[in-house]
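Listed next: structures, encoded as structure tokens.
Presented sequentially are two complexes of chain A, the first with chain B as partner and the second with chain C.
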Partner chain A sequence: MGLLSDPNRRKALTNLLTRLNAPICMVCYLAAIVWFMGLAFEPFTLRTYMSENAMGSTMVEERFSSGERALSLAKEFDAHKRKAGGMPVEWLVKAMQARGLEVFTQSFSRKLPFPDENKERYMVRGTNVYGILRAPRAPRTEALVITAPCSPGNSDNQAVGLLLALAQYFRNQIFWAKDIIFLVNEHDLIGMQAWLEGYHHTNITGVKLKNYLMTQFHNWSIQAALSLELSSDVITSLDLILEGLNGQLPNLDLANLFYAFCQKLGVLCTIQGKLQRNDWDTAEGYTHAAQTMMLMVLKQACGRSWGDHGLFLRYHIEAASIRGINGFRHYKMDVATIGRLLEGMVRKLNNLLERLHQSYFFYLLPSLSRFVSIGYYMPAFGLLAVILLLRALDLWVNLGAPALEAVDGVTEAEQPSGPGVLTVLTPVVISHLTGVALYLLPVHLQEMAVEHFPVSETEAVVLTAVAIYTAGLALPHNTQRLLSGEGTEQGWKVLKLTALLYLAVLLGCTALINFSLGFVLAVTLVPITASMTPHMPKALSALAMVLLSPAFTILYCVFIYQELIEAPVSVGEGWMLFLSVISQGILDHALYGSLVYPLLALFIYPCWLMFWNILFWS
Partner chain B sequence: CQPHPGSFQEELVIRPLHSGDIYASFQFRTLWDTDFLQEGQKKVSHYRLFPKSLGQVLSKFSVQELHISFTQGFWRTMQWGQPFIPSPPGAELWVWFHDTVSDVDGNWKELTNVLSGIFCASLNFIDMTNTVQPSASFKPLGLGNATDHRFLRYATLPREIVCTENLTPWKKLLPCGSKAGLAVLMKSEKLFHSSFHSQAVHIRPICQQCTSKAWELRQTLNVVFDHYTSGQGKKEWSLFKMFSRTLTEACPLASSSKVYVDITDNPELFELSPATPLLSQAVVLGDRRTYSVYDLTRAETFGQLRSFNLLLRWKGDSGDMLRPLLHAERYVAGFGLQTGEIHTVIYNNHPYRAFPVLLMDSVPWYLQLYIHTLTVTSKSRDNKPSYIHYQPAKDRHRPHLLEMLIQLPPHSMTEVTVQFERALLKWTEYTPDPNHGFYVGSSVVSALVPSMVAMSTNFTQDQPLFSSFVPVKEESSYFVRVYTEPLLVNLPTPDFSMPYNVICLTCTVVAVGYGSFYNLLTRTFQVDEPSPPLAKRLANFIRRIRGVPLLA
Partner chain C sequence: MAAPLTLLLIVAVTIRAVLFRSSLAELISERVEVVSPLNAWKRVVEGLALLDLGVSPYSGDVFHETPLMIYLFHFTVDYAEIVFMVSPYFVDCLSCLLASLDRAKIAIGSNNLKSDLLFNFPGCLRHIISFSTCGLNNAIIALFIFCTLKGSALLSGILLALATYQSIYPLTLFAPALLFFLQRLYIPVNLRRSSFWCFTLQYAFIYVGSLVVITGLSFFLLGSWDFIPSVYGFIFSVPDLTPNIGLFWYFFAEMFEHFRLFFICVFQINVFFYTIPLSIKLKEHPVFLIFMQIAIISIFKSYPTVGDVALYMAFLPAWSHLYRFLRNIFLVSCVLLACSALFPVLWHLWIYAGSANSNFYYAITLLFNFGQILLVSDYFYAYLRREHHLTHGLYLKKKDGTEATLVLK
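Our next item is the complex of A and B:
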């Protein structure tokens, strides 16, 4: 600190910082990108290891062998599902009761804010059926959950069949120390949300569920949950899905457990649908790992639940989805093998003495056997955040400099603070009001929009959002004139200083909760916001700003994601996907409480508008 | 002085359950017509049937009545009906001390430590933070109508694991040990291969033909076998299948030794072999039941093979069980680590009778109850308890105690809710496995439930033991105690690992760094010129007068 309290050295340091500000920022930005890309390079990452003692040292034997029974149950379930045109409640209740479970049902109904065109639903009515295997000699305090969805069409029948077969097998075992809940949920996440809210007796998404209280309610603290998706009789590989709501991830030990059993049983396992490669030292090997990691970053950044497990994470229940994939390989595995894998995982979870807490909660996975922990990836974000702070420091010094150099009067030094408050406050307030409009209006104005334009409700919502977003660009750059007349040089500097610090805080907080989202936003927002001044060529910089605005970030993410999953799309298709992503984002917020849409609409977009304001400062 | 006679009875009741499971309940009763607490009498040192280890403890600590139970598992009232003697998961201990005891807390502490040694259990973890003095829920079951609850202590250890190490000392208290009589069936590998296991010791003074006071020691052991895991899915039971033993003789010291099988649902439900001509009727828990009785003191019971093996075979699918009239459950609502809400739900399944119940809740201090949020609702209407006894907790000293008398409307569900906040413990107060969660003991619902049939109020010697434990005071109702599930609550827990230390350290560094930086950034620094020497000042003074530029 002595360095800074000595005015001479302090001056030298600030001079250095202001003089070298632009190069330092550039170096930081490049370093951040390089650091981030380096995370996928195998020698820089750690090998995964099981941290939890209770799961590591205890060996379990897998003996599940009723694969045939699972398949015949799946066929039966399919037939009854078709007959009932939805969840075959009666059949399922009987089937579970016959296997010695205590069976309960929960019916729910829900009206979406606007029709979901991807899944074609608006008024949702459904029933969850769940059976409980009571652990012998256990006091009903802990439980594990295994879920399988009741999906329309042909999918996921085998998952339900396997679930029932496992229930039957598990029921005859004596070693259970935790109750096991077998849940078949209807309408995927909506059913899951209904079940979880009923279970925890809360109502957090603010929507009334019709049949709220579960009859015969019992309380356990759920230790872990596994969600099963299986649509074919044989599979070639199993995919593990970890990303949950708001980018939450389960404890890494759950992924390790899955990987350990895949290794033990010789099952091919993938993450993000990508197999692991061993040739890390070749370019292809590295690209493969980088793609896997990028996919994880994109999936996590979008903040939605990528499987039925995603909603459990909010309740501090470690959960993952396991999806069976039937590809074009020769080597196929039957249902009994998957059953054995699940048996092994559940038995090890059954051995847990404490909740899973030993391993990491914040990580990125370039492959199933390698992980990047928070300590390794945070510097990449830190380097980006430092740019904002450096620019802010530069501005601060700039703003303070005339005051220091002023010899003859106090008037000049006090000048910026006078109009400063007002010039800064007006654009800030107006930008945020635009953000509030973007958050509230699309859903609330849909009826009006449908009346006046020939569009469906969903289109109305999305197009209103796009319209408000675009209208926001036209609005604020004239605002400060309204109040204070001519914008001063001091004025925009104060505004930019505020905006920079605001953005730094916003991105910092976001990155702490959801690193991927924070990083993706920082990569696109930082360069343009750091360099923005009113003195740049208007048309060119306006174009650059728009191209790096949050909405375009989403658009790029859509394209990159499609590229990474090897399903590239044309511009037109990309645009349609972009629109559906927006509608899904709004729906996720309304249905499950995903926070990405409000974050973007209420904070990031207004913050970006403030910079837009600076560009048109006059 | 003539040694006082005592008597010993043993009994096994087998109740086939509707679910296909089977409930076996052992009861052993040792009676002793002496009063070793009586003052003036010389110290009793000659014990015959009554276990000396317990007798000495009773007289040393002036215990009036002692009830201790160890239970592994949860009694599923909705599937199994009411048990003969209920008990909560884990260990439960309640003791009435003699009213001459001056230092009840001291006696209680010593007693728990001694019992801990006798039963090989962690009863020594009972201290003031989990002991309460219920004002109404636990009345003495034996002689003496003590009402001053200062002499009562009640504690539960919901986390206690019960295993063979607790069974062995319990068996040693029996006069025949596990050598003869019904106790030979108690092989731990089978008893612990079950859905529910509970063993208990109840000691109380009773009235022996009402001429003199006698001490009664009842040892009970209840076990439920599951037909999926123990019965290989077949609804067919025998003594051998349950216990991997058959009976060959009664305990020679026993005055009566009987096996009862509940055949009230016979012949629709199951068939029983060997058949017995002896039938007995008893009114148990408000219901008239019929029992087949096998008297082990008679040689013909054992037949030609000199061994007695009961066989029960289910004939078809059993119908639905009558719902138990009183039923309770409890859960924690909400999520997150800051607040929560305890819900206790009590069901009255009686179609037309309302009856009052006493609800007792003992909640550890680290759940800070907001008692002003206490609500009692039945049929979505406010239900005002007619009696509330609430003792707030003291941090680290005393748990919350909440007792309420609630009238349950007929055929209704009554919900009691209270909100709480989770306390932040000191770091030494966490258990070695803090992420497992912290237990809150079962709440206790005690009630006099209206009976379907008239209860017999006379207390006779030849009544079966299982129907004579709780004294019946009136014909129209019977006493039931229902325990809810214990709760497992997560408290805010630090990481307790290396990253935790790193976070603490980093936060400190950031705090210190932030302070200095803030200081530096908000303050302007100026070079403080050292004051010029006197000569220079004088020179400057003269120059100022002359109007010449000053010296630097």
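Our next item is the complex of A and C:
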């Protein structure tokens, strides 16, 4: 505490921090970037290991062998799906019943706020079919879920086939201590959302359910869920997808389990579609790991669910999606192997005595066998946040606050009274009102926009959002008009102090909930917000500010993502992708309660506008 | 003074009435930062239901209010909203009055109504609409301070007894109140003077007498002594380890059972122990001592809520003349600001998302209490420093004539 109570040492420290403020900030920023990039370097990461005792050893003998049957079931399912033009409910119910499951269906309907052009749907009506394999050995208080989607077209038939074959095989085994629910969901996440809400007797997103309460359940707890996505008879490798809604991740033990069984069965496994490499000491090896990690960061940052598993996480259910890839020519495996892998995983999960909680929930994966835990990646964000605090401290000292005054408390005369509350409050309130407009208007004004302009509803929503965003840039001039007096030197300093602290708290909270989002925003917002003053050359800094604004961050993320998945796009395509990302973000918020859109519209964007105001302070 | 004060009150009433009606109230009344097992309105309702059925409300492990409180609500349950809406005003009015009183005496500082507004609203906002009986306890303490400052020893003693009866901890306010009356009556604090003992005994008699009367009254109302273990035992032995913004829950959840008694003594003694050194150091400044005591109670009590924090924060404007001597105010406000944002975030991550755990939440609790302690000690130091400057002049010189700085060690 000597540092806090001894005025001389405080003075020295404060002097140091204010004099060397800019260099320290720059060093912090560079250190943050270097630290973050270093996370992908293998010697700095930890090897994954199984923490959960109940799943410790891989002493399970997998016997599943009905791969051929799975494929024929898939063909049958495909034929019935085509005939029914959607979910073949009757056939599926019969097929499940024939395998000794208790079968139920659940109908749901949902009207989207505006048409989803990517998936071409607006009024959604569908049915989920699920069968329960009752545990012969234990009280029915816990359950595991295996899901496969019923998708339009040719995709995911094999997943349903395998699901049915597994159900038949599992039915003949006697060691199940948890009920196993086999679920075929229609309309991917919308169906999944409907099922989860029905199961948990909640209604948070406004899905309309026909039979709202699933009375056959007594709300026992689901311990884990696996979602299958297989679209071809020949599978060369399996991809594990972990990123869920709002960037939530399942317990790392689930990934470990998958990896352990892939090793055991000699199955090629990938994460983010990237194979693992062993040459970490070469430049290519490092780049590969860095790319894998960056992909994870980008996927997590966008806060949407990247597989059907993503919505389970919200209900404390550890879940992951397993996607079959048909891309690496030399390795081939039959469906029976995938069946064995799933059998092994489910049997291990069946052994669980409590929820998966031993391992990490906050992590990044540069490869399947290496992980970066929260303690390692948080400093990267911390270094960025420190910049904001240092700048705030500098301003505070500059403002001549008596607390940190060089003479330590003894100021000469009464300070001229600081800028009125109104000077600072007006920009803050106006910025936030713009944010509220950005949040509310696009969806609510779509009808009016469609009437007056030749655009579709979706375009109307996205373009309204872009328009409001751009209109916000004109604000500073109007704000000035509202203020009676001239903006003083002290005025912008107080405003900037407020805005810096606000941004620091905002980014801190975001980074805790979704590290990737917090970090990506911090990387782009911190440099410009930390250095912004009204005395900089207007045109140049305005350009820099716009180029580092939240919307452009999304645009860059789109390009980097396309680059990383090795599907680079031209500027025009990138722009179209950017628009569709916005519409998806708004839809995700309306349908599943993703928080990224409200966060950006209601908090980050107004905060950025406050700095924009400072630039045009006069 | 009167006109702005009235205006302020009208604005405050409107804000509160609106907030009470909004859906925010429901959301907030569930937050652990705001309600404790001692004062949750849900529990009061449960106790009332038991009372109506003719069962002792203390027979379960749900209700921990005092008997007088439950009988008060027994008769006013239909008007509970109004009671809750009105009670925080005592705190508000009082802090305004205190600020004005102090200023009149010392004539430092300019207009303070604005800072009253600023300090009161963000601090209290959450506890205002929390619908917890904490507001009533705060009102009693505020009234006690008001009566003390007005010089009415009788009322002050009775209200102090009532506050003690409500939550025990205000017991430590006895010392500053006594010091204040002694100062007011020009009786020196001298153990050998009979006038000192005479007044002390008089005040102690009022206090203890009314405490006995109130406790007796509770006994006769309820017909049993059930409430003693259920209210005071509950406060002292901390059996309910629901997370809150205090320091107790995590520590006692982790502890081996056979150390429990020892550490309960260690933790509880914190509230009472500081009375002695502070009373000796601040015996000339009982009003500031009251502030310090309230702050210490709210930091170290077993079930603290934001309402308790708001009570002492409401007194900060009264010390606006200390502002220029504060040194860590930037750090403290950053810490408190960050904590109030991080509490709900980490709670969400722990309870709803299931990805974080109790350690994360407790880390923020620790940080929050660190901020509070720093704030209180900063004010304490600033007060002492100001006193020093009042007697030695604003510009201090060393013996050799160079400029000197004060160091607190």
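By definition in this document, the second predicted complex is superposed on the first by the 579 of 618 C-alpha atoms of A that agree within 3 Å, B and C clash if a C-alpha of one lies under 4 Å from a C-alpha of the other, contacts with A are read in each partner's own complex, and residues count from 1 in each chain.
Just so it is clear, a contact is a pair of C-beta atoms (placed from the backbone, for glycine too) under 8 Å apart; a residue touches a chain by one contact, two chains touch by 3 or more.
Nothing here was measured: the structure is a model prediction, and the numbers come from that model.
By the document's definition of touching, neither partner reaches A:G572: not chain B, not chain C.
In the superposition on chain A, A:H316 contacts both chain B and chain C. Within the superposed three-chain model, A:Q248 lies in touch with chain C and out of touch with chain B [touch as defined at top]. By the document's definition of touching, neither partner reaches A:P454: not chain B, not chain C. Shared-chain residue A:G266: touches no atom of chain B or chain C.
In the superposition on chain A, A:P7 makes contact with both chain B and chain C. Of the two partner chains, chain B is the only one touched by A:R140; chain C is not. Once both structures are placed on chain A, chain A residues 4-8, 10, 314, 316, 396, 404 are touched by chain B and, in the other complex, by chain C. The residues of chain C lying in touch with chain A in their complex are 110, 114, 118, 323-331, 334, 337-338, 341-342, 345-346, 348-349, 352-356, 374, 381, 385, 394-395, 405-409. By the touch rule above, chain A contacts chain C in their complex via residues 4-8, 10, 248-249, 313-314, 316, 361-362, 389, 392-393, 396, 401-404, 408-411, 417, 421, 501, 504-505, 508-509, 512-513. If you check the complex, the residues on chain B that touch chain A are 72-74, 76, 78-79, 89-90, 158, 192-197, 226, 228-230, 232-233, 329-336, 341, 343, 345, 433-437, 439, 485-490, 495, 497, 516, 520-521, 524-527. Put simply, chain A touches chain B in their complex at residues 1, 4-8, 10, 100, 102, 134, 136-142, 171-174, 200-202, 216-221, 314-316, 353-355, 357-358, 396, 404.
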